[in-house]
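Multiple structures are listed underneath, in structure tokens.
There are two complexes below, and they share chain A, which is joined by chain B in the first and by chain C in the second.
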Partner chain A sequence: MTKRFFDIGKTGLSRRTALKGIAAGAGLMAAPGFVRYSQAQSSAPIKIGFQAHRTGIGAAYGRWYEKTTNAAVKLINDAGGINGRPVEIIVEDDGTDPKRGAEVVAKFASQHKTDIVFGTLFSHVVVGSAPTAGELKIPYYVVSEGYHVASGKLNRWVFQPGITDVRSQVTSVAPWVAANLGKKVTMIYPDYAFGYDHRDYFAPAIKAQGGEVVAQIPIPPTESSFTKYLPQIPADTEVLYHVMVGPGVLTFVKELGEFYGSNKPQLFGFIDSLEAVDINSPGLEFLDGSHFWEGSPRYAQANDSEAQKAYRAAVGIDDNGASTTDAKDVSTAAHMFGCWETLYVIKKAMEDSGYKGPEDRAKLVEATEALTKFKEGPEHPQGDKKFNGKLHQVFGHQNISKVEGGKLNVVHRTSIEDGLYEPEADYTTQPL
Partner chain B sequence: MSGDGTTAKVYALHAAVIALLVALNFILPEYHHGVLARVLVLAVFAMGYNLLFGYVGLLSLGHAMFFAAGLYGAGLPLYHLGWGVPAAFAGGLGAGFVVALVIGLLALRTSGVAFMIVTMMFAQVFYLTTLYFGEWTRGDEGLVLQQQTRQVALGSGTLDLTNPATRYLLAVALFAAALFATLAIVRSRHGRVLVAIRENEERTKMLGYDTFANKLAAVVTSGVICAAAGAAYALLFGYVGSTFASVQYSILPLLWVLLGGAATTLGPLLGTLFMYYVIDITSGYTSAYMLVVGLVLILLVLYFRKGVLGTMRERWVRWLP
Partner chain C sequence: MRGTNTTRAIRRSAATVLAACSATAWQTSPAFAHASERGHVLLLPTGHYIAGAALAVAASFLVLAILPPERLVSFWRTRFPLGSIPNLRLPVSLLSFAAFAALILAGFIGSRDPLSNPLPLTIWTLLWVGLTLAQGLVGNLWARLNPWYGPYRLVRRALGSKADGDSPLRLPAWVGYWPAFILFLAFAWFELIDPAPDDPARLAIAAGTYWLFSFVAMLAFGFERWSRQGEFLSAFSAMIGRFGIVDGKRDGARLRLAVCWPGAKLNDVEPLPPSGALFLLSTLASVSFDGFAKTFVWLGLNGINPLELPGRSALIAINSVGLVAVFVALAAFGLFAVVAGQRLVRSTVPLSNAAGLLVWSIVPIALAYHFSHYLTALLVNGQYALVALSDPFALGWNLFGTAHMPVEAGIAMGSESAWLIWNLQAAAIVAGHVLAVLVAHLLAWRLHPSPASASLSQLPLTVLMIGYTVFGLWLLSTATAG
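Let's turn to the complex of A and B:
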């Protein structure tokens, strides 16, 4: 049986064809599994390992993170790359799973031999991957918004320099909520870590504004119907603060509409669960007139800066925040700008440290820690930012948008100071 | 099943596998070295699963809870109470023992499909418990066990579990311990009774064996082996999170065992290793890599019904344990 398949003489293959086949086979062998890369030369590309959520619960985010990353890298390369070297993005899918995330970080460090790892969104993947990044001493730049880097629970090799963390986000919106929507707030949030960050940091922030949280209603992640929780909302609630990450959001909004009818409290939500979802989807009518946090606005605004316009054009999103090639493909605009800005932070830190290769990774960490602020412009189209090198965390402006006329219009932009809090960590004391 | 010659062959084969794994420590490129360390720990999880599924014929869909019991049993005391590595590992084993004993006492009142459902429900309860106590577990986000806490003082030196070679050799040691424990169990009188239960429980009962006690012992042993894998995972790789208690991690060991060969001592390693590289390589080419995994499983069902090693034993190497 074996002979029948492999007897070259009988198949009529020429020696040249056979050699080509063998060469192709060898090429295939060398492809992902057993490659040995040669030392980076001065003109060799800077390799950035992109830990992408291509599959799993984060896939919608991951796809747009990838588009944004590719757009930014194209611009960086068109402008001469980093330290005169082109940037090459190597993508590995982490399946939005912390175990696979750690494996992917190891693969970047020891097989692909990338210079750094970048781009993770979901908090559990960041936390699951961080120990591996620390042990392999590879800088790990995440775009996650979780309050994990700034909590001091990770390590010196992990940075979040492109997107504000959730503690800062909720702290910064509290003054506006208290002044414009009401002071008695009921919070509905998912009963897991991401929800706890909202629970733990919004309550003191609203209290500082003379308001109070009258009820906190955690929803278990396995719930698919919310009707039994809605009667727990106190009648004197002025503002319903909702964070419902996950596919349950459409049901949640529909059931909320049925529960309240036309006599509803003010609604304030985080756009996270409606990222990549058309705000005009059937069932979301109840959200009309309500307010949302957005990192970067989904819809083009009248006062958009030139940098913001250029960024949107480069990534390929139209005025409604959907893909320019498919109007139904809604982006994750509130978060994905973080990839763009993080790449420019990496570029700056690599240039500041004269980064040449993996032997300079420690210098790169120190150069990143030395950064203090980023100016609004083409590299930071979402706005100017302050970076805390000890916390490894960036702080920026947040947007509060109102749903009106089937769009999200920005009605308030917080100051950076609104979102500052007392730091709890100093990574610079850890050895490199 | 065994003459003296066969016994010698069996032990020689297993010793050779361990020797090969130790030798690979010095040969493998960095990436594959790290991969194999992870795979060995997960293979221990699969071996624990195999003991119950392969030898007793009890199909559990809840083994993630035993792995996670070890993970949290080791991780939480180390993180919150500052326990050392050996105590934390013992904590993981203890947690696995208690969970397996309780679950065994309750779930073994059922059998067949009901056993699958009951174990799955208990595992779901365990998963939700890890989320419920988010104050301590940080739920889905999980906890990082810092590098400096994963070191053991040994005489004048320290054993650093974050050192790749140390980690690899400890993984081999754990794997060897689990392998020989499994081998000893399945070749013992108790092991023969387990196989008899799998083949015909009523007849085994009629012969005077206490099948409940034997099955309970098997659930507890299986649970403790899985917990050892979970505890080792936490201590060697530094992360504890509720994902590991989710249903996905109950199904994975089943797939690994089916691939490698149920009721074979080395099948779990082969299945875990194979599945790792199928995903690792195919995910480099397509995001539909689970489709490839599915195709592999279909081919397996068509051509290797008893898994790779199970089929080999059936057709060629009859003495394979």
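Let's turn to the complex of A and C:
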């Protein structure tokens, strides 16, 4: 069988050729029939430092972030690059380790001399790396979903323009949950920062819809059996809001099923719990009929836009959201689109600022801050978005999907306005 | 100027990183603690497997206790001649050295991505996992594949000396295996605890330095001597290779090969000195700790949230202590079991002889742990290695036609794979321990002439092996981070 690691349209792209950088760029220029990087005074590549979770706890996500990044870079280069220059991706592994993350950012700035740093997923790595990006004045575009950027606690060099933050996601689903599933909500969540985000942002959001959180059940992160916590769920619960994560998730769902039997409340969860896990895995049967938040839908939908179809084909995921070359390799579809969209935001900002090299980094920051909205299309296949330059954070639509027949079908798409909240920061007041 | 800024920035941000990691009051954290394949294993009836495995190991002890030892030993010694092959040690080692040098170069100038650069994939996956398993199955391949023998012979020849015995320095007898032991601990620390053992340049420096250090030591003390007692890979390979089913004997310029039963070559071993016994135990301890360090139990004990693992940098201190603690515990339990066995039969055999001989019985356990713990890495990273080796310097080459081979990570994903891998792991752990009981029995018959006292002396060690079977399967079935 001669499967390719990537299946990017008909042209084909192996991850190695995508990473070739200079060699690939030069090759493209020399090859007849390819787009020439004719506008540029210099054909030297734009160097993007990709801070990747290649090892450590984030490796499963890092793999798909890398695939998505390579697919987008290939298209960008095929279409002439950025400002007429090819894009080169330089990968450094941060080991999903905050301290190493900071070292990697410094390495990009001083050793590889990349133009920007991009692609970080895990929040603690972002938080650990951001100060170094600020010190070295290198733009740092993260794809992390955390509220850390919009909270104002990072610095002017850090942006999250390709994926919405968890506060916005949690806030935006509350109106639909209250209107369709019920108003009496019990929240069950892991007892640490991730769980607290949901606890702190969902409770006021559901209250604003006339609902109430009747119980909050934090689960210690080291638990791997949950039966003793389930009796704490009040009997009058209409909606069970669950955001369990880690290896215990399947056990949690199975034990929940055993606890309730057929007489269960409505279930609402975040697909983060089961990202990259086959929804038809044994133990997950109880989820049938329940609802999940998804950033971008894992399964192909009947009304997918042409842009969404092209994006899925380019990244190489099939209708079930798994690799087109390996059906068991389920993607991190709900989040990885953020890499794609972020790269196109970087492209736009570099073009707007006439970016030429590291000396223009401050101009690039200002040009990114000046962006206000992104139109749905090939560059933003997940949907249109609004960008808040003061917060350095993008806002977009969220999907609510129902588990039906072993698939996740989108039943509601929130408006951008559903996910807006009172801003707490203005990075533009910080000096560059 | 930039360098100064960078250093300052790193220094300043180090404190910020620590503060940032602890200040969770405002920090928001996407989940991303992957449900992972261990999630599927948690749903399997692993408790039944563990109970069954413990019973199987106990049953093997009972069966051996009633079997007549002479017949078993003579059966175990059966060999099936295979013929002979040319002894190509010198050219093979020179080729190996050339490949090693190319890999070190790739570590410096190839891709920075540890899954695209062939150096980390070759060292950690093909060599440490793949070759160790091949050694255990086949025999001491490393004696031929090592990258020192060829260059050593060439340099010695250039210096005008031929015999290995006339090395300029002699290793005193008391040195024993201590150099190998210390160097292995350094290796294990680098593999399991260093923040970035996969970083290609960092690994190139470490591996290159180790090669040079070993080469100088071989020139000083003689190749055979340093390979046996100092170069830990050679020392470990020679021990593990004794479990393999191919036996090679030099016959002039050729190698005479024979097939034997697994572990049969352990029948002729001499008792290891304390340093050798500790060295062998440390190899099992390192793999055991590798598994243990990821468990919710270990992380919970240390107040680490396994769903938001802080990364290797934050775990250096606790894991250093843990690695040593597992080793000390294993050594203490092992020694206690041997002492108890000796007391049970009122043996007059010196303890060092008994312990030094019986420690060989952990070879099959070490192999089983190696297989079980690194099977997934071998299946997935082995594919990455094949891709990377075709284009070692990221220049667009396709040396072996595998540069564009699809890497199918799905081979280790999903409930079906989890079931299959768990069963393979469980089978390996049980087989390893049953074989360990067998080896220990056969060695015990050398220590105790009466079959009854030989069996009785093995009772405490068998209890320990049952315990280690349970521990091994628990490591592979309990909740882990990542």
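Keep this in mind: the second predicted complex is superposed on the first by the 391 of 432 C-alpha atoms of A that agree within 3 Å, B and C clash if a C-alpha of one lies under 4 Å from a C-alpha of the other, contacts with A are read in each partner's own complex, and residues count from 1 in each chain.
Following the convention adopted for this analysis, a contact is a pair of C-beta atoms (placed from the backbone, for glycine too) under 8 Å apart; a residue touches a chain by one contact, two chains touch by 3 or more.
All of these numbers come straight from a predicted model, not from anything done at the bench.
> Put the two structures on top of each other at chain A: do chain B and chain C fit, or clash?
clash
> Just chain B (first), just chain C (second), both, or neither: which does A:155 touch?
first
> Kindly classify A:132 by the partners it touches after superposition: chain B alone (first), chain C alone (second), both, or neither?
After superposition on chain A, A:132 lies in contact with both partners, chain B and chain C.
> Applying the touch criterion given at the start, work out whether A:86 contacts chain B, chain C, both or neither, answering first, second, both or neither.
The answer is neither, since A:86 touches no partner chain.
> On the superposed three-chain arrangement, identify whether chain B or chain C touches more chain A residues.
Ranking chain B and chain C by residues of chain A touched puts C first.
> Kindly classify A:145 by the partners it touches after superposition: chain B alone (first), chain C alone (second), both, or neither?
Only chain C is touched by A:145; chain B is not.
> Classify the contacts of A:330 with the two partner chains as first (chain B alone), second (chain C alone), both, or neither.
A:330: touches chain C, not chain B.
> With both complexes superposed on chain A, which partner does A:357 reach: first (chain B), second (chain C), both or neither?
In the superposition, A:357 touches no partner, neither chain B nor chain C.
> Clash-wise, after the superposition, say which stretch of chain C runs into chain B: 130-138, 148-156 or 184-192.
After superposing on chain A, the clashing stretch of chain C is 184-192.
> Indicate the residue numbers of chain A shared between its chain B interface and its chain C interface, in ascending order.
Residues common to the chain A contacts of chain C and of chain B are 54-55, 59, 92-93, 95, 97-100, 102-103, 106, 110, 123-124, 127-128, 131-132, 135, 146, 148, 153, 192-194, 196, 221-222, listed in rising order.
> Chain C touches which residues of chain A in the complex?
Residue list for chain A touching chain C: 3-5, 14-17, 19-20, 23, 27, 52, 54-61, 63, 90-93, 95-103, 106, 109-110, 112, 121-125, 127-129, 131-132, 135-136, 144-148, 151, 153, 165-167, 190, 192-194, 196-197, 221-222, 224, 243, 245-251, 254, 270, 272-278, 281-283, 322-323, 325-330, 335.
> Going by the contact rule set out above, which residues of chain C touch chain A in the complex?
Touching chain A: residues 2-3, 5-6, 8-10, 12-14, 16-17, 20-21, 24, 26-36, 38-40, 42-43, 111-116, 195-196, 198-199, 296-297, 299-300, 305-314, 387, 391, 394-396, 403-411, 413-415, 417, 478-482 of chain C.
> Tell me, which parts of chain A touch chain B in their complex?
My answer: residues 31-34, 36, 54-55, 59, 92-93, 95, 97-100, 102-103, 106-107, 110-111, 123-124, 127-128, 130-132, 134-135, 146, 148, 153-155, 191-194, 196, 220-222.
> Show which residues of chain B lie in contact with chain A when the two form their complex.
Chain B residues touching chain A: 29-31, 34-35, 38, 128, 131-132, 134, 138-147, 162, 237-239, 241, 243-244, 277, 279-281, 283-285, 287, 289-290.
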